[in-house]
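As structure tokens, here come the structures.
Presented sequentially are two complexes of subunit A, the first with subunit B as partner and the second with subunit C.
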Partner chain A sequence: MNQVVLQALNGLVVGSSLALVASGLALLFGVLDIINFAQGEFFMMGAYVLWLVLGATHNYALGFVAATVVVGIGGGLMLQLLTQPLLEKAHVLVLLATLGVSLIVQQLAQNVFGGDAKLLPTPIEESVDIGPITYPVYDLVIVAVGLGLLAAGFFWLRYAKYGVWVRAVAQNRPMAAILGVPVPRVYFLAFVISSALAGLAGALLAPVTSVFPNIGGPVILNSLIVVVAGGLGNFRGAAWIALLFGEVQSLGSIVMPPVVVQLVLFGLVIVLLALRSRRKTVLVRL
Partner chain B sequence: MKAPLLAGLLVVPFLVPPFIGGYLPHQIASYLIFGLFALSVSLITGYGRLFNIGIGATFGVAAYSVAMLSQMDVTNPWLVLACSLVAGSLVSLLFGLYSIVATGIEYLMLTFLTTLAFFNIPLAAQKATGGENGLQVKHELEIAFGLDPLTGSGFYWFVLILVTAVAGLSWYLLASQAGQVVRAIGRNPTRTAAMGYNVSAYRFALTLYSGFVASLAGWLYALQAAFVFQDLLGPINSLNGLVYALIGGADSVAGPFMGALGLRWLSERLSQQSTQSSLYVGIVLLLVVFFIPDGLVGRWRQLWQRRKIGRAEPEGEPEVPAVSLAGAENESAL
Partner chain C sequence: MLEVQDLHAFYGKSHVVQGVSLEVGPGEAVGLMGRNGVGKTTTLKSIAGLLTRTHGRITLGGAELSKLSTHDRARRGLGFVPEAQAVFSEMTVEENIRIGALIQPRAEQARCLEAAYELFPILSERRRQLAGTLSGGQQKMLGLARGLCLRPKVLLVDEPSEGLMPVNVELIAQALKKATQDGLSILVVDASFDLVQTVCARMYAMDRGVLVGMYRPAEFSRPEQLAATFLGDRAG
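Presenting the complex of A and B:
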């Protein structure tokens, strides 16, 4: 019983941080039909920015804000630069370009920061009793921040001016442009938001996991699975599936080896996607 | 004039590397094997326009089945070959199913997830596959028809003849009626379907043929390297194949071989001097995407065409748009 509660909470932590990365990917796909393979590296950069800020100031709040802003702006500019010349061509080229960037950034991080894992102290040491077990407060903070941001994102897409514009561009780009939506600005916004989400997720998780150059690998894989399973470009679907994914992975690992859980998840997603891909929908749906 | 030149070009690789000897035949044989793998990617991606980034699974399964059979002391080379091809074809059957139910980005994601799933299988079945440590190929002389990959030129000639035969067969098939239909489907599936061709059936057949080529490459790889490991099944190997094909020119038969030769040679040279190979692969990928999205062969063709048009009178043959991944002329292009 203790094991189940513990793993359920762990699943929530994994799921909510995965949801941040995956919903950024889904947003990007919805608006521009592109998949950013460098999203895992943005996650990694967020973690390193937090590490750098902590080294200088010991201020966690500043570190989280810096990770979000630096990765958001940096990643946004980089995506803008990459996609600008390729938008009129096959979207596969964008995908390969982001893949190239991901390889380069990973190697550069290795060169600059070294291959060793950097350990960060947790910002909140306390634990609380939840039913039969005690659980670190910081992990609960991750869940709260993750879920809060997802809810905020949902309402932003639904009611805010730019949120509506994002959905309009996703639904019908030429029509949105004719009706006066500033399409290039919406693109840039999508770039910045999706990078910032990855950066923040990386910073939030850094004290729990530790920071090393290859940290983005499993992140991008899991979030790709989530985005695919949630319906490509579906913001809410990605968020829900991410939570479900975290739970299945954590709870499943009680009864099966983690690799087998992973394989079962792959199989499920493949079947799901194969069944669903007959009807083609690429919208940021709500 | 042209025929003797071509024959001469064909004879050179048969004679020169064995004459130079040393490590060269072994090295070129490995380039040829990866070229064959890249050819299978270019068949499905360049001609069929099905963006498969998971074909490493086919290659890896074929290679793994050689190793696993040899661990079970199966030494009949024909049996090993047959099992390896059948195992690889089973994987490509899966890709064939995907090509029926999905196109575009969904197909791409399905193939990607498949190669990831196969990458994880060795970890789940440690005992049979060796897990993270990889698996040794035993009895490597017997299962390679008695040819030693490390000494002499026998194995090199064997690879060269096989590769030439498969490349020739692929070229012939692509030039045939069915190959033309496959190309037409790649350019515009809707229009080709409207002309009465069964798009799914042609895509399925193309997937199976490309899977056959990839399995053959995997089988040869296992014979030459005498060792298989997890990465062969995974996205890294799949993407390498794709990059070789793209650099050389994905819509040609010679391009993938040129890409594999150039890039493998480069990365071997670089990895001798430093450990930055993924940095260079990333940079090469970006350069290809931005500057030669049609690959080297495509670029060369463009220049050639321009020269011909420049020389001819204005009423000369109209410029045929090169079939390229960069063109957005067909709806199924991603």
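Presenting the complex of A and C:
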């Protein structure tokens, strides 16, 4: 019983941080119809920014804000300098370019910071009793921040002016433009939000894992699985599937080796896709 | 109000619109008529800025629009209600109308919703319904109501009566007529001569990418005459 509660909570930690990365990826696909393969490296950059800020100031709050802002700005620059010019030519060029950025950023991190794993202390050392187990407070903070941001994202998309515009552009770009929606500004916003979410997720998880150049690899792979299973371009779907993914992975590890759990997850995704292909509407964009 | 001079538009190698020049005065409704495939919709899309391969001079109230993006043209007062896929199908009726009003101040947005529901009460009854589940006629009403919420100076309307029952055509015609009485300029493409006669003060005739004449509804005593003039052998 203790093991089940512990793994369920671990699943929430994994799921909520994965949801931040994946929902950003889904948002980007919804608005620009592209997959950003550098999203995993944005996650890694967020972790390194926290490590750098902590080294200089020992201030976690500043580190989390800096990770979000710096990576968000990085995403915005990537859109303006690389993605936007290629968007007008061919989408496959954008895919290749983001893949290229991913490899370059990873190698740069290797050269600048070295290949060793940087360990960070957790900002909150205390633990709290939850039923039969004692659980780290910081891990609960990760869950709360992740779920809080996802809920805020949902309401923003539903009610805020720019949120409604993001959905409008995702559904019908020319129609949004003829209604005065500033499409290039919406592209920029989607890219910045998507990158910032990945950066924040990287920074949040850094104290409970470690920081190294390849940390984004599994993140982008799992995020892609989640985005595809949640419905490409579907913000809410990606968030739900990410939480489910985290739970299946954590709870599954009680009874199965990790490799088998991964196989089960792939199987579930295939079943989901098969079921969804029978529905009339595949893309539900919110 | 709206002046178009020597407008050209291309699809691939096809030169679809070949030097169209027209104007729509303040509070005036003007029709653009002709057979299918002569370039009427392409003309409207070119004016709205939806096509990339176009050239010519487009001015609105004296301000040059030709170099502006689609959304900048909309913000300068050029509205467009397209014929097909005129609604955001996965949003509710109310969200669709709100999008048209979002570039207005907040107080104006509330007034837009009220005006839209007053114009088409059926939209008020279905305000929480997804727009994609509305009937074709209701979607046309929604597209027009949303276009009006933009508070444009000139509204381009493409085939507003296409596929509608006569009762809905009448509703749309009355809505367009009221909008012109309120000072809106309209350029409308439609195959319904009843609608064009009800709404428009003038009509341009288009054939194979060029304008071939300009008429007034009073010059035709019966719709059949009008049809014969604009559709030639295909007139019923």
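We adopt the following convention: the second predicted complex is superposed on the first by the 274 of 286 C-alpha atoms of A that agree within 3 Å, B and C clash if a C-alpha of one lies under 4 Å from a C-alpha of the other, contacts with A are read in each partner's own complex, and residues count from 1 in each chain.
Note that contacts are C-beta pairs under 8 Å (C-beta built on N, C-alpha and C of every residue); 3 or more make two chains touch, one makes a residue touch a chain.
Everything numeric here is computed off the predicted structure, so don't read it as measured data.
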Clash-or-fit label for the pair subunit B, subunit C on subunit A: fit
Residue contacts with subunit A in the superposition, subunit B compared against subunit C: B
Partner chain in contact with A:255 - subunit B first, subunit C second, else both or neither: neither
Contacts of A:106 with subunit B and subunit C, given as first, second, both or neither: first
Spatial angle subunit C-subunit A-subunit B, Cα centroids [nearest 10 degrees]: 90
Touched partner set for A:225, first subunit B, second subunit C, both or neither: first
Partner chain(s) touched by A:1 [first = subunit B, second = subunit C, both, neither]: neither
Which of subunit B and subunit C A:61 touches, first, second, both or neither: neither
Subunit B versus subunit C as contact partner of A:180, first or second or both or neither: second
Minimal inter-chain CA distance - subunit C and subunit B, angstrom: 10
Interface residues, subunit B side, partner subunit A - complex: 51, 97-98, 101-110, 112-114, 116-117, 120-121, 123-124, 239, 242, 246, 276, 278-279, 281-286, 288-290, 293, 325-328, 333-334
Subunit A to subunit C touching residues, read off their complex: 161, 164-165, 167-168, 171-172, 174-184, 281, 284-286
Parts of subunit A lying in touch with subunit B, wherever the complex brings them together: 29, 33, 35, 85-86, 88-93, 95-97, 99-104, 106-108, 111, 221, 224-225, 228, 232, 257, 259-260, 262-263, 266-267, 269-270, 273-275, 277-278, 280, 282
Interface residues, subunit C side, partner subunit A - complex: 48-50, 69-71, 74-75, 79-80, 82, 85-86, 88-91, 95, 98-100, 102-103, 146, 150
